[in-house]
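When the chains are written out, they are named A, B and C in that same order, and each has its own residue count from 1.
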C-alpha cells in the first residue's frame, strides 16, 4: 500500500534540483515515490500548485529551494518561506496534516541532504498513510 | 449616474429578487437584494448572469438576414399573416414572458383565430395547489426529482433548511451531485424514488421536481402525492411558466410537435425553441421571432423583431409556488414591449 | 487624535439624522462646496429594512439618506472600486467598509486622494429578512410598523410611529439564531479609525454625534462644515470619552468570545460538499478583484467540478486574500447554499495576525506582509 504513496517534489532549478541530481549521479538511494517538478525558483511556487497536487492525489508535497541568501533571484526563497506558512495554515483547516507538506533549503552539492530529507519525508508519510481528502 | 434598482431574476421560476446596477445609462452589474423574502440577496450564477441579455441586445429588426426598420419588419409579418390560413398559423409563448405580455399574446391569437401554444418543461396540467417554499422548509419528508440544488439553488436552499430541521430527503439525482450530498437516499430513476419512498410520505411531505420525462411520470407523482396527502412543487426552467400555464394550457412535447407539424407560420415570443424541442424547424415555411437578443431560434427565423429585455420591462409573473410577483424596469429603453409590437401588428391586419 | 461632539444646524437634517445629523451635514457641505462629485450612502428601498446604496449628486436629495440602517449589511468598497474610481466621492463607512477600502487602496484599486471617508461605529448589522422575522417573533410587533431600530446597551431596540420603544437583549436573540449576522458577532473592529472621522452615539449626549477625528483630512471636514455654517460642535467631557472607550472594550471582548467559540468549528465544516461553484462568494468579496483573470476560472483547476474540492477551490482564494479578509460577511450573505464561508477566511486572517501582527484593513503597512519584498521569514 505505502509503496503507492505519491510525493510531488517542486524543486528550484538552481539548488535543490541540482541536489537531487547530485544524489542521483552518486547513486544514493532515495524513495522512488517522488515525482520531481523543476521550477525556476521556490519563489515561483504558489499555494495553488500545492493544493492542486493534493487534489490530484499526492500524499505529500515537498518544496526545495536554495539556502537563505543563495536565491538566484535574490529574495525568492524568503517569499516562498512566508507563503509556506499560509499554505500550512490552510491545509490544516481542510484536514490535511501539516506533516504532509514540507520544505527544505538544499544546495546543488548537498546530494546527501536531499537523500536523507526524502527518506525522512517518505517515512513520515508512511506513518500517516495515504491522504484521504474530505 | 450610478443607480441600484430592484427587479426579479428571470432565469428560473423561483422568483428571486435581484438588484441591478446601472451607470451612465448602461447596465453594469448586479448587487445583492438582501431584503427580498425569496432569496435574501442570494443569487446563483444564472441569476447574476441574467443581465447579459441586456448587454447583448439586438439593435434592429431583421428580415431575411438584413437589418431593417422595425415598421418594415411589421409590414412583412402582416403580409405573411394575411397570406396564410389562420389554422396554419401558430403563436407560441412561454414563461419567459410576463403575465401581461402573455395576456396580450393570447388575445391577439384568439382575435385572429390563430393556434396558440405554450410549453413548460413537458409539464402539463399543473393547476391546483402546489407547495410553498415554507412548506418545503417545514416538510417532514421530501422526494426530490432532479439536481435541484444545482439547477434551482434558491429552492435547493429550502431543501437544506428542511434537512437542518430534521427532514428526510430522497432524491433522483446523480451520485456525487450536490443534491445527492444532502440526501438521505438517492435512486437511479424517477420510478425507483417514487416506488421506494412514496410510502414514507405524509401530509407534511413534498415532492419537488424540475424534470419529468413523460406525462406518465407526472401522473405517478400526482398519484403518490394524492395518496399520502402530500404536496407537489414543480420547479420550472422559465420564470413565468406557472403564470403562463394559468393563462394558456401548457402542452406536452408530443402535442406541441403535432401542432408544429401542421404549422406554416410560427410566431415565437421571447423563447428559444430549437434547442429545447426535437423537431425539424426547417419544415416550417416562415418563423418570426420576437426577442431581446439573438438565440438559435431567431437565427433560424426569417423575420426577427427586437423587443424589450426583462430589465427594460415592467410587469408581473407567477413564481413556482404560485405567488404573483411584480417587477419594474431598471433602465430606460427605446425598444418596444411585446404588447406594443402586437398592437402595431393588429392595427395593420 | 481628538474628539468633538457635533450637531447639524439644519433643522431638517438634525431631525432626520440618527444622532446629531453630523454625517449628513458634512456630506451636504462637501457637495455644496463642490469638493466631491457625489456622496455614496444608503436610502430606503422597499422599507427601512432595505438600505439601497445610493449615489447622491444634489445635496437636496441627501435628506433621504440620513439615519442608521441597522438591517442593511451593505458593502461600499467594491462599489467605489468598480464604478466610482474616477470620481471624487464621500462615503459613509462601517468598519468593514473602510477596512475593505483600505485593502483596495493597498492594491492600488482606489485612489485615497479621491475619497472622503466618514466612519460609523458599528455594533453589528442584522440581515433584513431575519430582522423582520425576529421583530414578529420576539417583539410581537408588525415589522412594517417600525420606524427605526437601534442597538443600545446590549439591546436591539425598535421604535414605533407613536414613539413607543421595545427592546430585547441581543444575547437572547442571538442565542435563538436571530440578531446580528454571525460575522458581526465576531467582528472586533468597532470604531473605524482608518476613516477620516469616526462617528457614533457612544459617548454622545442626546441629539449629538460623537466624533473621533482620525487624521488631517478629518480635521478639515469638521472645520469646513463648521465654517460653512452647517455644523455646530462642542467638546465632549472626559467622562463621555472614557465611557465610549469602555463600551468599545466590552464589545471587543464579546466579539473575541464569539471568535473562540466559532473558530474551532472551521476544520469540521461539512457544508463544502453542497457548494455549487457559483462563485458568488468570490464575486461579492471586496478584496477579490481579478474578475476574468481569476485563477479559479483556469481550466487546470478542474474548473467545472461540482462540488469543487474545497482545498483547490476555497483554498486558492484563501491563499490569495484571506490575510486581507475584513470579516465583512458578504460571502456568507450571498452564498445560495448557506455555507458559512467567511468563518474560514476570518479565522485565517486571525492566524496571519498572530504570525505577523497584520490586521486586515487596520494595520498601517503599505502592503500585507505576504507581498512585501522584505528579506524576512515568518
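Going forward, contacts are C-beta pairs under 8 Å (C-beta built on N, C-alpha and C of every residue); 3 or more make two chains touch, one makes a residue touch a chain.
Everything numeric in this text was worked out from a predicted model, so none of it was measured.
Colleague: How would one label the connectivity among the chains shown: line, ring, star, complete, or other?
Modeller: Topology of the interface graph: linear, an open chain of contacts.
Colleague: Report the chain ID whose CA centroid sits closest to the centroid of the full protein CA set.
Modeller: C
Colleague: Distance-wise, how many Å sit between the C-alpha centres of chain A and chain B, to the nearest whole number?
Modeller: Computed value for the inter-centroid distance: 53 Å.
Colleague: Based only on mean CA positions, could you tell me how far chain A sits from chain C in angstrom?
Modeller: 41
Colleague: With centres defined as the mean C-alpha position, give me the chain B-chain C separation in Å.
Modeller: 38
Colleague: Any idea which chain B residues touch chain C in the complex?
Modeller: Per the stated touch rule, the residues are 1-4, 6, 19, 21, 23, 28-29, 31-32, 34-37, 39-45, 48, 149-150, 153-154, 156-157, 160-161, 177-178, 181-182.
Colleague: Write out the stretch or stretches of chain C touching chain A in their complex.
Modeller: Checking each residue of chain C against chain A gives 266-267, 272, 295, 300-302, 309-312, 315-316, 318-319, 322-323, 344, 347-348, 351-352, 355, 369-370, 373-378.
Colleague: Where on chain C is chain B touching in the complex?
Modeller: 38, 40, 45-47, 49-50, 52-55, 57, 72-73, 79, 82-84, 127-129, 273-276, 278-280, 283-284, 306-307, 330, 333-338
Colleague: Mind listing the chain A positions that touch chain C in their complex?
Modeller: 46-48, 51-52, 54-55, 68, 75, 78-79, 81-83, 85-87, 89-96, 133-134
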